[in-house]
Amino acid sequence: MEYVVEMLNIRKEFPGVVANDNVTLQVKPQEIHALLGENGAGKSTLMSILFGLYHADKGSVKVKGKEVNITDPNIANELGIGMVHQHFQLVHNFTVTENIIMGNEGGFVLNVKSASRKIQELSERYKLSIDPNAKIEDISVGMQQRVEILKMLYRDADVLIFDEPTAVLTPQEIHELMGIMKNLVKEGKSIILITHKLKEIKEIAERCTVIRRGKYIGTVDVANTTQQEMASMMVGREVSFKVDKDPGKPEELVLDIKNLTVLNSRKFEALKNFSINVRRGEIVGLAGVEGNGQTELVEAVTGLRDIVSGEITIHGEDITHLSRRKRNELGIAHIPEDRQKHGLVLEFTVGENLILKSYYQEPLSKHGFLNQDKIKEHTERVVEVFDVRSGQGIYSPASGLSGGNQQKAIVGREIDMDPDLLIAVQPTRGLDVGAIEYIHKRLVEQRDNGKAVLLVSLELDEIFNLSDRIVVINSGEMIDVVKTEDTNEDEVGLMMAGIKRGEGR
Amino acid sequence: MKQKNNALVIAVSAVVLGLLAGAILMALIGSNPFEGYTYLFKGGLMSVERIGNSIATAITLILTGLSVAFAFKTGLFNIGAAGQMLMGGLCATMVALTVTAPRPILLLLILLAGFAGGAVWGAIPGYLKARFNVHEVVATIMMNWIAYWIVYYVVPAYFKGAYLETESRLIPVEASLKTSWLDSLFNGSYINIGIFVAILAVIIIQIILKKTTLGFELKAVGYNRDAAEYAGIKVNRNVILSMVIAGSLAGLAGATFYTGYASNIQIGVMPNQGFDGIAVALLGATEPWGVFVSALFFGLLHSGKGFMNAMTSIPPEISDTIIATIIYFTATSVLIGRVWSFLAKKRKRKEQEKVIDQTPTDASLEEDK
Amino acid sequence: MNIWQIISQIFPYAIILTMPLLITALGGLFSERSGVVNIGLEGLMVVGFFASAIVVKGLENIFPTAAIPIGLLAGVVAGALFSLLHAFASINLNANQIISGTAINMMAGALTVYLARTITGSGNIAIRIGVIRHTIPVLSKIPIIGPLFFTQTYWTTWIILLIVLVSWFLLYKTSFGLRLRACGEHPSSAASSGVNVYKMRYIGVMISGAFAGLGGSLILVTYSGEFNGTVAGLGFLSLAALIFGQWKPLGVLGATFFFGFAMTIANVSQVVPELAVIPPLILKVFPYVVTLLALVLFSKSSQAPKAVGQPYYPGQG
């Protein structure tokens, strides 16, 4: 057969947005086919249709040459289609075996022993090294992903969809995953790789289909196409990857953290004797794989978490006993990792969100009463300066804004506070290229205005683009600190895996 | 603005559906719904005295409704209004029976006692929630029963009524919230100055929620606890404060009921108004003025059911059933919204299809539509 | 009387009070394990209470032996049907589950008395017969546990305990149980595995309705003898027992036994001289205060199903 999976002229609409507009995807047997697009372009929607979680409004799907109607994941499974999700679909307090057999138990009464055996065999055959009896909450993120892969293999999947699989992996684990994927193809599987990472596409995919804002742009031979060309297709214009910036001119210390030890919610040491500092006029990038202590570090600085030992000073003043509000007043601003959970109250209007940290200060309020006029004045100004676009201006409910505009609102609120220290955690996650460029510009602008910026990001590109210095964290320890110009991504990748510079492999 | 219209449509739809359900129930037992409703509404409005009674019943509901609505606005479910009412009422009654003072001061002390009793009773589950993450639904329900039994034993032990063991002594006339000029205005109904307390409460709560930093904080905590914490708002303090305010409102309800509407407190009765307050709050879209109007409506329903029962054979529980059904429909308000938008979309699609399919040569097909 | 005599005297009564709590809490377990909070257990018990009262009253003179089992069945069916209201609101409409549950409680309380009044004129329905107690011949002679467990027992007790055992097996050893629990912990995960989350949650809620209805019926035929429109907070106590028992069948068994005992002690304190020295108020509020303490101890490290109470939107995650 020519194609193992075909999605032809797919259209899918949601209230207010056309997620897929006449999109066609054709995957050859035993190929690794990349599906490239920005955040929000419609890749996940398309794959959800293939996997039976959504139904297409128009268009047809063919599997192995035959037209099919995939109404739920069970049917997708029966057709041999399996999906490794971006956000793992695993039950945290079930074992590996229980997660894998769910929905496919083979009988009313559970037979865990024989299932475990089969899983063990599969694990060995595909070199996945999984313990079938481990609980999901106890194993590493990389291993959890392999459980998702095993789940598909257990159901004899032929076509495996990987949705942004490398977001949560170390560079080492990414290499391992690439190896696993090549192995799977050798064993006769076909792979659809959803991603926005051009480097990975170049490394492993044969062909690549590009989607932009729901529309099908084209399918290219990866070997014959440059990253630049693919990026232009993805975004629709020339894209420059580098941010224009002068070299930084760092001055005195603003944030100084020495020997910080912090416990996480499960009472393990998330930070061990960690030290880092940021000066006026510089951007320090904290590089590391998710879950290595970055969250706890930021929480300790902003006052959301208590520390066990160590010191945190701002301009030399110890802040470890200050309340969150006091730290805000001292000049610490924070763009949080999860804008909808921590950054915004979605039920509030844009205006109300913009005063979330400052509502109690004059002139916005006096003697406990809000001054609506002053609030209006202040928030309208911020909205204009930071280009926050919404239906009803400051009266729009925050829930109605796009991701990019929500983030701009948060950035606006934080920068408008004129902070001495700006902490930005994953500031461009889930945003389109235009918004990303805007936020990067703003961060560099803050640096040039003499602010201290601590950038915490999982995207090495972003770290390298913006930072003057890079600090690498692994398992709560500071591995090394280097000047950006003195290092490269491979070196930093090794550090992120815990290997210091100069140490052997 | 759109949200306000939305809330109004939902409220009205829920009421209509509730009344419809009531009509079906009346018909089910062989009574005439029109007759039933006529007597129900007459029972509440037919005379000045009856109007007074409707308002008097509403007073308690306004306050318990505010209690539930306020807690709700800050993200908490106050199912404990009944217990807070009992404790507030107990404290108020105790003051009324033991303190002598000039009437204005006495009345003030009575209201204060009600306020305080309810406040304490709300603070406890509030503290448990803030400090130990104990879910306030189960906690407040437990508090209800603890209050119930406290009243059950304290009243006969210290304040036993002259005739019955199951109720307290009557409070002296000077201690009652009933006043002679209101009595003469409404021909001697149960109405009392609690109505002014209730209206004042509505105004104050409205101001707090809309115009103060406290209201802003409480709403932020209620909508998104994480974001509020991140922004520096003291979440725990606000949770407790919210329950204290909610409890004190219900406590005031107890004061107005047991020393205003009634003149003593009975044991072994869990006041229904506590739970009706939930209905009132939901129907009023948890807005203070919405609560006010809903409470009046429910007051009417409760006030008229006796008359209806006397004139037809319809059991008075119909009022409670209608109220419960209304809550169910406000909870499922999404359905109402969906039905409306489904109908709207269907109409729109039909129009669009007409335009697309309009081809000059297929005139016959068009007629078949 | 010494302690042992007191215990063996009140034990049967404790069991009687425990059983309705136990079965209702078990129902709540199924609902919450599937992901739906069911505050309406109180109302569902009342519905079962009512349905069984009507049926038993209607049949007690015609078919005395069959009246009680059929009455119990009526309670089960009535509870399951009434719970559909909550299921529909919570599952299909993603309504606020606490509000929906509260509506159920209020509707049940009002509606049942309304209907009862039209039947008997007073809102109460009294029945003549009740479950007869038996002493099991051989087992009751076993020292210690004989007098406690096998003397003067109700046959309904054994059915309930059987249901508990079956429930444990169902929950942990079958594919049904695995899928149900997944729906409560991580519904999108279950959906990706092809489980019909809506169906599972409906089943969970209906089981809670059926069990709670059975609980209400038990009250009628074992110790109450008369429907009076309320179950005096037992439904809420079951909810507390569920939390106390950390959502596990055996934990719930222990928790409800504890509550049953506490309530019995409170009830008989007047009669037993040793207990009468404790102020009755303390005894009466004891179960509720202990519940609060238990909540304090258990709420921080709660083992509640992770996704319980959250509306499920397909396609998320």
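The first chain written gets the first letter, and so on, giving A, B and C; residue counts start at 1 in each chain.
Everything below uses one rule, namely that a residue touches a chain if its C-beta (ideal position, glycine included) is under 8 Å from a C-beta of that chain, and two chains touch if they have at least 3 such contacts.
Quick caveat, the model's predicted, so the values are computed rather than measured.
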Maximum centroid distance from chain B, chain identifier (CA atoms): A
Which two chains share the largest set of C-beta contact pairs: B-C
Gap in Å, rounded to a whole number, between the CA centres of chain B and chain A: 46
Inter-centroid spacing, chain C versus chain B (mean Cα positions, whole Å): 29
Contacts with 2+ other chains: residues of chain A: none
Complex contacts: residues of chain C adjacent to chain A: 173-176, 178-179, 181-182, 185-186, 188-196, 306, 314-315, 317
Interface residues, chain C side, partner chain B - complex: 39, 85, 88-89, 93-96, 98-100, 102-107, 109-111, 113-115, 117-118, 123, 233, 236, 239-240, 243, 279-281, 284-285, 288-289, 291-292, 295-296, 299-300, 302
Complex contact set, residues of chain B against chain A: 211-214, 216-217, 219-220, 223-224, 226-234
Chain C partner contacts - residues on chain A that touch it in the complex: 48, 51, 53-54, 72-74, 77, 83, 85, 87, 89-94, 98-99, 101-105, 107-110, 151
Footprint of chain B on chain A - complex, ascending: 302-304, 323-325, 327-328, 334, 336, 341-348, 352, 356-357, 359-360, 365, 368-370
